[in-house]
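Each structure below appears as structure tokens.
In the two complexes that follow, chain A is the common piece, with chain B as its partner first and chain C second.
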Partner chain A sequence: MENRPLEYDYTVAKWFMIATIVLGVVGMLVGVILAWELAFPGVNLMLGEGLAEYTNFSRLRPLHTDAVAYGFTVSGIMATWYYVGQRVLKVSMAESPFLMFIGKLQFILYIIVVAAVVVSLLLGLTQSKEYAEFEWPIDLGVVVVWVLWGVSIFGLIGIRREKSLYISIWYYIAAFLAVAMLYLFNNMSVPTYFVAGVGSVWHSVSMYSGTNDALVQWWFGHNAVAFVFTTPIVAMIYYFLPKESGQAVYSYKLSLLSFWGLMFVYLWAGGHHLVYSTVPDWMQTMGSVFSVVLILPSWGSAINMLLTMKGEWNQVASNPLIKFMVLASTFYMFSTLEGPIQAIKSVNALAHFTDWIVGHVHDGVLGWVAFMIFAALFHMAPRVFKREIYSKSLMNTQFWIQTLGVVLYFTSMWIAGITQGMMWRAHDEFGNLAYSFIDTVTVLHPYYTIRAVGGTLYLIGVFMFAYNMFMTMTAAKRVEESQMQNTSPMGA
Partner chain B sequence: MDIGQIQAYAYFGFTAFLVMVLYGYIYHLYSSEKKGTRDYEKYANIALNDELTDKPVETVSKKDETKKEEV
Partner chain C sequence: MFHWLEKHPFFFAVAVFVTIAFAGLVEILPNFAEASRPTIGTKPYSTLELAGRHVYIKNSCNACHSQLIRPFKSETDRYGTYSLSGEYAYDRPFLWGSKRTGPDLMRIGNVRTTDWHENHMWDPSGVIPGSIMPAYRWMFANEADVDTAYAEQVTVNKVFNVPYNKPIPMKDGSTEIVMMGASLDAAKAEALADAKVIAADMKNQDVKDMVASGKIPEIVALIAYLNSLK
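Up next is the complex of A and B:
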């Protein structure tokens, strides 16, 4: 036993990698179905009138958003945590049977929670808060899973060899702490059956009412974007881009500064979801101002990543993994500029409730979050499965098909959103609205179709990714970890 | 002075304080590097040299460090 060299143990990382792939396929497949339903309403009845309850837009929509955010992305975060965490702290999970148990338990409970979410959402059981649809018993399960993640993070930190916590670890910790706080406060609710003997066992009412409820909801909602779709993804790029390219982070000091900037500013930006609503005006203004200030720390990280490639841009052409990450970082810059623009009050007057917002979310998630997770998993695969990535050309094809998909998605939604906003507010000289709602629906049809095509292209890319990963796990050429350079080995 | 005015002064003061903290932090990062107290850029190597066999950029305790040096 003593003679056997200690190795990193990727068991839990592997499990989460598989969950990422499966939930990515599910979440994005449902998304594409929704896109076609919006373009061609008949698709709502694709399985017949009898099953329409399960296939209509309203039933599937939360399943799509939650599967992508809390399924695909959170699994990706966990998979990378159980990989990056060990490596930058220089400690193996194999050294602590306790942490190994916690990791495995976390995965098993996570899968149970995911199953409960899928079933409950399909049955239409929801507390009707966007991105916080889960009924209270599921919330309790989520809390346990999250606490176990915390035990894993701080447990690994406790037994580390590397004294300093690498910047990625800071971002993972931030994601852990912030989501814990946000989730708890937004889901504070009273189970009516147990308290008042009214309603079903599942049912609960929020502890906040009216405008306060809306404020807490969007403080949560926007920070879910911050601490599920941003912070942990930044953690990934700070590790995987330097590692894959062999280049140290351009400026470590800038990474620290951006970290604190992001932490401070992001938490105040949620008010921009409630511009022109019943919340106090100063809160709306604060939401807008903080959103604009948010450009600085976001761009601090993104520029730091692009500058990390200084003098090594040839790698973008030769290595599809770097391509994914550089594009991810570019999309991060793009969507963190677009978001603040939308948060400006006068722009928001036009953009709010339109498809432009939908476009914004998708260029962020498809271009930044998902590209980064694909890259991270591709980088991890050879090290975890001890095989080279099955096909480089498939990766390249995936990259181009998905890039085209994202571009079609956000451009169509820009046009649709601005058209929609302009038509809603258009009026004649007497102040009568110029168009009825159905007029906008008719005009938007072509753009909805283009969006569905874009989404379908992206989904095809996801299937390529899943196939490439499956073949990497099972059939690709074996490689020893000791032979691996920074650049991941990949077959033709 | 009504509550609105107090809020406004407090808001301004707090913002000014935070700006000072931010610039103070930037100053701290650069000056401690210049004085040689701490080289922040070396931590970037944690990601690059992350094999279990690689030497940590900074070991957890002095004791560990001496142990390693003895080896």
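Up next is the complex of A and C:
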């Protein structure tokens, strides 16, 4: 074999990077609009009475969650896969025209599916299950895109030069398999048109009814969080943090324990979404117990990452990229402690149905998922586009403004959630309910406003990110990868 | 063993899959048959109610309203008897929701009336000062999709044996029958007859005119559905 480094082909990675940025802006912009609508309901009519149907909170809400989860995050996962996969398997996409074709096809179909999702959700074509809103024709598209990703993963593994699979690959494989299983089972439905011959072609009925439907949905819903918002993001941090810092992963054994522990425990925890519902008690208890056990493998990964920085903490001050990743793993620890606390039955009785849950989701996704994706894209950009990052100070500003945004977000939602939960259950001295429902809504106005401000700050950071990346792609100083091998893009 | 797995991707993938699939099998399967049995008094939805349920789903009402009353005094005081598994036997999909930005609607039919809903959906904060719910005025103009509601009835009847046109036991020992039209036209005529009963309690002239001309606005179907939640 020749003695020069492999030339990796980042075409597909580049496309997905751009998709990540665009869909991140769209998804979070919709989120901020929703936040303002809750604080000031007049915003529901921002485009006038005629378009109220399409700017209304309830129509936009699934669009926000799906755009951020399956748009921004999944694009980020794909972008990093088409970058990290080649590098840790020591094989270039250019070596296999077949895999190159599969990658490009996957991207094109993915974009078509995303467009179909946006249009269909705005039109109100939804099956109402959270994070599984898409109707069956779109589900079929999702399956094709996902199978193509599987072909890409196992195809690249099939022609690899490095025989041992690096930790990141474990997590990508797990994400692929688990999402495939969960998505298929949760979306099992019968299209009504083909049975009855009348009505909308889009419509279908779930194969499961009532309590069973809820059980399958939250087995899916919770683990969609696990295998979209957790495992692939852990895959990213296991690659990018050691690479960027120049440090070796702290402990192989800890990564082993965390991986297999996470795989075994996570799937049990879905029951914590159904505490005090009509699913059997033992399932609720299993959900609670396993959620608490889940702290172990989650913290295992996070601590492993933080200890990887041992002796190199000065980098946190000097390199904004390391800042993003260290804060991401800190938020991962924080969020995976908060979740199990909310899963404890007595806490859940208070927290369920309140904004505290919304706060929990957002400290996870804003603090952990999105920060890690920003960091990954910042690390990849100089190597993919062969240009330096346009502005380091803009990165720093983005970091601080977004951190402030996240803190405002989750603190206001904690207070809102606990306040509302306490008011719902308050009884007066005669044993009557102390508050009518509307009292528990109007009291939240200040917190909804603070949340909207926090979200807006975060969105401003996303615009900075988009601008910085755009300038990096088009206008920044050129740099060759050989000049920055084993050094930070910041140092180059 | 782990070192070996890391060099053999196929077996690695199998090991991961077995590890993650295990929990689902143990948790979900044992309950399936039992949880889908209806309680006495639980009826399937009529054509118009089902069309209203589709309007509810189309507008993601479940994003802000739950349909699950937990067994706490504060909840039963506020919303009525706590939910039983069998009450959801005909709910496909389930609509428990995960967030109460607004109140629970599981038994809203016991406490609100047609004209209350009409006023409230037109101008929520006019009815409940301080409400942050947006108005849903387009429902007064858009036509409900009765065809698809009928298609769903036919489907659940054929595929899942949902008992339409059959006596269903009620709590007081009597029986009731929920009709499903023998044809689309029959189903439409029946839905329109139900819609006329609802529209008679409403005051919006456009709605009345639409129903009189044989069309069913979304709001009428939605109110039929909300009134059925008891």
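Couple of notes before you dig in:
Note that in this section the second predicted complex is superposed on the first by the 476 of 492 C-alpha atoms of A that agree within 3 Å, B and C clash if a C-alpha of one lies under 4 Å from a C-alpha of the other, contacts with A are read in each partner's own complex, and residues count from 1 in each chain.
Note that a contact is a pair of C-beta atoms (placed from the backbone, for glycine too) under 8 Å apart; a residue touches a chain by one contact, two chains touch by 3 or more.
Keep in mind that what you see is a predicted model, and the values were worked out from it rather than measured.
On the superposed chain A, the two partners chain B and chain C both fit, without a clash. Of the two partner chains placed by the overlay, only chain B lies in contact with A:E7; chain C stays clear of it.
Put simply, more of the residues of chain A are touched by C, taking chain B and chain C as the two choices. By the touch criterion defined above, A:G246 reaches chain B but does not reach chain C. Using the contact criterion defined above for the overlaid structures, shared-chain residue A:D428 touches neither chain B nor chain C, since it reaches no partner. By the document's definition of touching, of the two partners only chain C reaches A:V198; chain B does not.
Within the superposed three-chain model, A:Y238 lies in touch with chain B and out of touch with chain C [touch as defined at top].
By the touch criterion defined above, A:S168 lies against chain B but remains apart from chain C after alignment on the C-alpha atoms of chain A. When the two complexes are overlaid on their common chain A, residue A:E480 makes contact with neither chain B nor chain C. Using the contact criterion defined above for the overlaid structures, shared-chain residue A:L256 touches chain B and also reaches chain C. Residue contacts after overlaying the shared chain place A:K90 against chain B, while chain C stays out of touching range. No C-alpha atom of chain B lies closer than 7 Å to any C-alpha atom of chain C in the overlay.
Within chain A, the residues touching chain B in one complex and chain C in the other are 163-164, 256, 260, 264.
If you check the complex, the residues on chain C that touch chain A are 2-3, 6-7, 9, 12-13, 16-17, 19-24, 27-28, 31-32, 35-36, 54, 57-64, 66, 68, 70-75, 77-78, 83-103, 125, 128-138, 145, 147-152, 154-156, 158-160, 184.
Interface residues of chain B, counted against chain A in their complex, comprise 18, 22, 25-26, 29-30, 33, 40-48, 50-54, 56-61, 64. Within the complex formed with chain C, the chain A residues making contact are 37-38, 41, 44-45, 49, 52-53, 56-59, 61-62, 124-130, 154, 157, 163-165, 170, 173-174, 177-178, 181, 185, 190, 192-193, 195-200, 203, 205-206, 208-217, 219, 256, 260, 263-264, 266-268, 270-271, 273, 276-280, 283, 286, 349, 352-355, 357-358, 424-427, 432-433, 437-438, 441-442.
Interface residues of chain A, counted against chain B in their complex, comprise 5-8, 87-88, 90, 92, 160-164, 166-168, 238-239, 242-243, 246, 248-249, 251-253, 256-257, 260-261, 264, 486.
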